[in-house]
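Each structure below is given as structure tokens.
Each of the next two complexes has chain A plus one more chain, namely chain B in the first and chain C in the second.
Take a look at the complex of A and B:
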């Protein structure tokens, strides 16, 4: 074998063991029959996939797409100006970047609970608003779809800021100066120079947010109070309460195929425009 | 939970220095023994207990159903005992080694009438925890369907319990597998959904205590924790009936030291040991002799030990066939998606 092959062996092994094998296990489970009390076994069947055609699950899938898309759009909307600010900052760039990544130092679960403490009836926000006399009844801030989206946007915002920042940071100031010299207003500079150049970062950020949001189950459960169900919750429930691993595996497999299809689409789109970073 | 998990391990490490080869692997629900329960057994029986905790039956089953789990004594809920027996996972109990079985109040439970494989440990149930300052006594499940409670109640985020409540409200069995009855329960839960603030388990406790909620569909133990902190709260079992479950000690067939495992189960069945556990966890013990040793406020608690009239309205969850489980899961998903 060529030395190149040897050098690639560790990476290939990791990819195989940590990515390909688990996916194959999921695929295999999705074709098995559920045991009477959980577990799975023979015979091989496509019944789990047939169950997916139930409009109930399609409806939940659609809703999950809608919530994930909304969260992604909001993340981009908030993440782009923030990334632009950091990229253009003359000083303290490292500090701003550190602040963006700071939330990762604590667990996502703890941070979600912190939001619940802020939003609940006796939480900080309602207490202040009640204290100021602006409202007479606590606002129902928690346990609805808006709270779920808020939780997702909060959780995944850094994933849009960082790739967008990476792209914006590489845009030389001379480009922007040239645009201004030629008479472009600041808005025109952003729209005609910065945004097109930031496209790969925006796309990478969108993918990094959309994919985990699509499979999220913790946030809908905690912030949504279990009142709305996303596809991630259905899958989780199959592996826990319902003890139907094959059906859960089939749901996961379909979700993975959809996500992969979307990624391929994005890739094709971006390679027409110069590729992902 | 972490601390509890760790201390016995440290104790175990010390014991192994003294060359005690007798080792027992015990896997129990979190917060389900008194602090001195395990060290007491280790001292008296010169054995080392490796003790770990789980949070759900699924966690336990996932490990045990594969076989070779490494555990000796585990504590499944009662409705998993028939399938565990059927799958040959459990060792039969040797009654000659378990004289303390005589202390049990549940001497002939429906899931194992002759206690061939399990020793009932703790009993739990689900009812309504409510705030009498905010609402009248919810004597019936209908109280949780009353528009007056809109946004101020929670239901359990557990399909068996919450479908069970809707079925009981319609005077049906908790364990109904009839499509028409389940469809009715589903429609009623969907009708109730706008009134429900959220589907919550233990988290509902703090919200009832804070006065955010008028009432919560909740388990006994969680409710008693709330009442211990906020004495004005009340717990009751609605008149149409309620769900009960019983966590049991079982010895796995793979157990390497059945003699020691029997000693351990028998030790847990001692009145004074079981009473300490019941007192520490504020949970209803299945041990009648232990109940007599409890302080009066626990011993006479109507929530923990309902009067015979109330107890007669309780129904144990049953082990359901696969098709029924699938149907119920779909119904629950429909409620959640509505």
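Take a look at the complex of A and C:
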């Protein structure tokens, strides 16, 4: 082996043991039959996959896609201007970037509970609004789809800001000046120069948000209050309460295949345009 | 009325004056060169005219109308950037087309609207880049990028084309050739060029009028010959070419004559002789201890270090700068 190949050895080992092998185990489980009292065993079957065609699960899968897509769109919408602001800042870039990553310093769980404290019927927002007499009933801020989207957007926003910032920071200021010099207003500069050049970062940010949102179970569980069920919750439920590991494995496998297909599509889209110059 | 007037413009940066009360004007059809060492404020002056920066005081007028505080996209001037600043995601042709889409924003006074595609074709032909129209900037050489950058600006028929060090990013052996091409392009299109350069040979050979800048101030403005032979300051004299300073006046090396048996001039001893191919530099020490360099074309006799000679020059070749 060449010395360079040796550098890959630790990563390869970890990926093999902690990713490839578990994935194969999941794939194998998904083809087994659930035992009467939990557990799983022979015979081999495709029944778990057939169950996925039940409209109930298809609906949840579609909804999960919709929620993840909405959260991703909102993250891009909020993340792009923020990344542009930081990339164009003359000073304090490091400070702004540190602030963006600041939430990672505390556990996601703690931050989610903090949101619940703010949003619940007796929470800070409702208490203040009631106290001011602006509302007579608490607003239903928590335990619905909007709350789930809010939690997802809040949790994954940094993952869009950072890759978009990385591409924007590499766009030389003279390109923007050249565009203005050629008659483009600031808004046209963003549309015709900044956005096209930021594409690889936008795509990377979208993937980094969409994929974990699609499989999210903590946020819908806590902020959706069990009323807003996503595919992640269904999978989690199969491995815990329902004790139906083969079906959970089948759900996981399908989700995995869908995500990989999307990633391949994005990759082809990016390489079509050669990424960044 | 001059086409472009820069009137007493000052631009302050924290800690120093980048541009200090600079005034000059550019006539229609001229090739004007702002010449000076790096950090003298010439590029900042260009950026003020383009609208990328705002002066702290003073006025900039185009056709007599103040454009001092207009945004860049509302000025009928265009810039060729030092590194060309071509848009990497667009083809060469799309780069050239870029500004045409925004033309309605500007105050167009060029008669009836003409077909945009035909204009792009014409300008690509003008810079001889028709064959490379489909290439992306990354596939173009330095010289080709420059042509596209020129075409991108010229297609908009600017009142003034601003060029920031247009030759500095090119191969040294390409520069002399492109000098001539740029000058020819300027003549052919009749567009007024305002060029920034630190290379005095470039300015002397290309410009109709040169403004020499030093430490934020414009020291002198004038045609190349006038500036070279009658510099107003020692800085201008020295920046445009080599000078021997002697008793407060300056003499260019090529104006100094060296004679072995002359009767006129001053006694001197040759210290060094440097052969430069097309000429010879003779460094000599005068009786008083001052040193001079003479540049001799086709020397009749071979000079050697240690030779006793006489140096003389014409009175009219003496320069007497005021400062």
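Just so it is clear, the second predicted complex is superposed on the first by the 266 of 277 C-alpha atoms of A that agree within 3 Å, B and C clash if a C-alpha of one lies under 4 Å from a C-alpha of the other, contacts with A are read in each partner's own complex, and residues count from 1 in each chain.
Definition applied: contacts are C-beta pairs under 8 Å (C-beta built on N, C-alpha and C of every residue); 3 or more make two chains touch, one makes a residue touch a chain.
Please read all numbers here as calculations on a predicted model, not as lab measurements.
Taken together through their common chain A, the two structures put chain B and chain C side by side without a clash. Look at A:192: by the touch rule set out above, it reaches chain C but stays clear of chain B. In the superposed model, A:172 makes contact with chain C only, not with chain B. In the superposition on chain A, contact is made by A:37 with chain B only, not with chain C.
Once chain A of one complex is fitted onto chain A of the other, the partner contacts of A:180 are limited to chain C, with no touch recorded for chain B. Taking chain B and chain C in turn and counting the residues of chain A each one touches, the greater count comes from B. Annotation: superposed on chain A, chain B and chain C show a minimal Cα-Cα gap of 46 Å.
Across the complex, chain A meets chain C through its residues 172, 174-175, 177-185, 188, 192-193, 196-197, 273, 276-277. Listed in rising order, the residues of chain C touching chain A in the complex are 50-52, 71-73, 78-79, 81, 83, 85-89, 98-99, 101-103, 105-106, 136-138, 152-153, 156. Those residues of chain B whose C-beta lies close enough to touch chain A in the complex are 56, 58, 61-62, 65, 80, 83, 87, 151, 154, 157-159, 193, 196-200, 207, 210-212, 319, 321-322, 325-326, 329-330, 333-334, 336-337.
Note for the complex: chain A touches chain B at residues 34-39, 54, 56-57, 59-60, 63, 120-122, 138, 140, 142-143, 221, 224-229, 233-234, 237-244.
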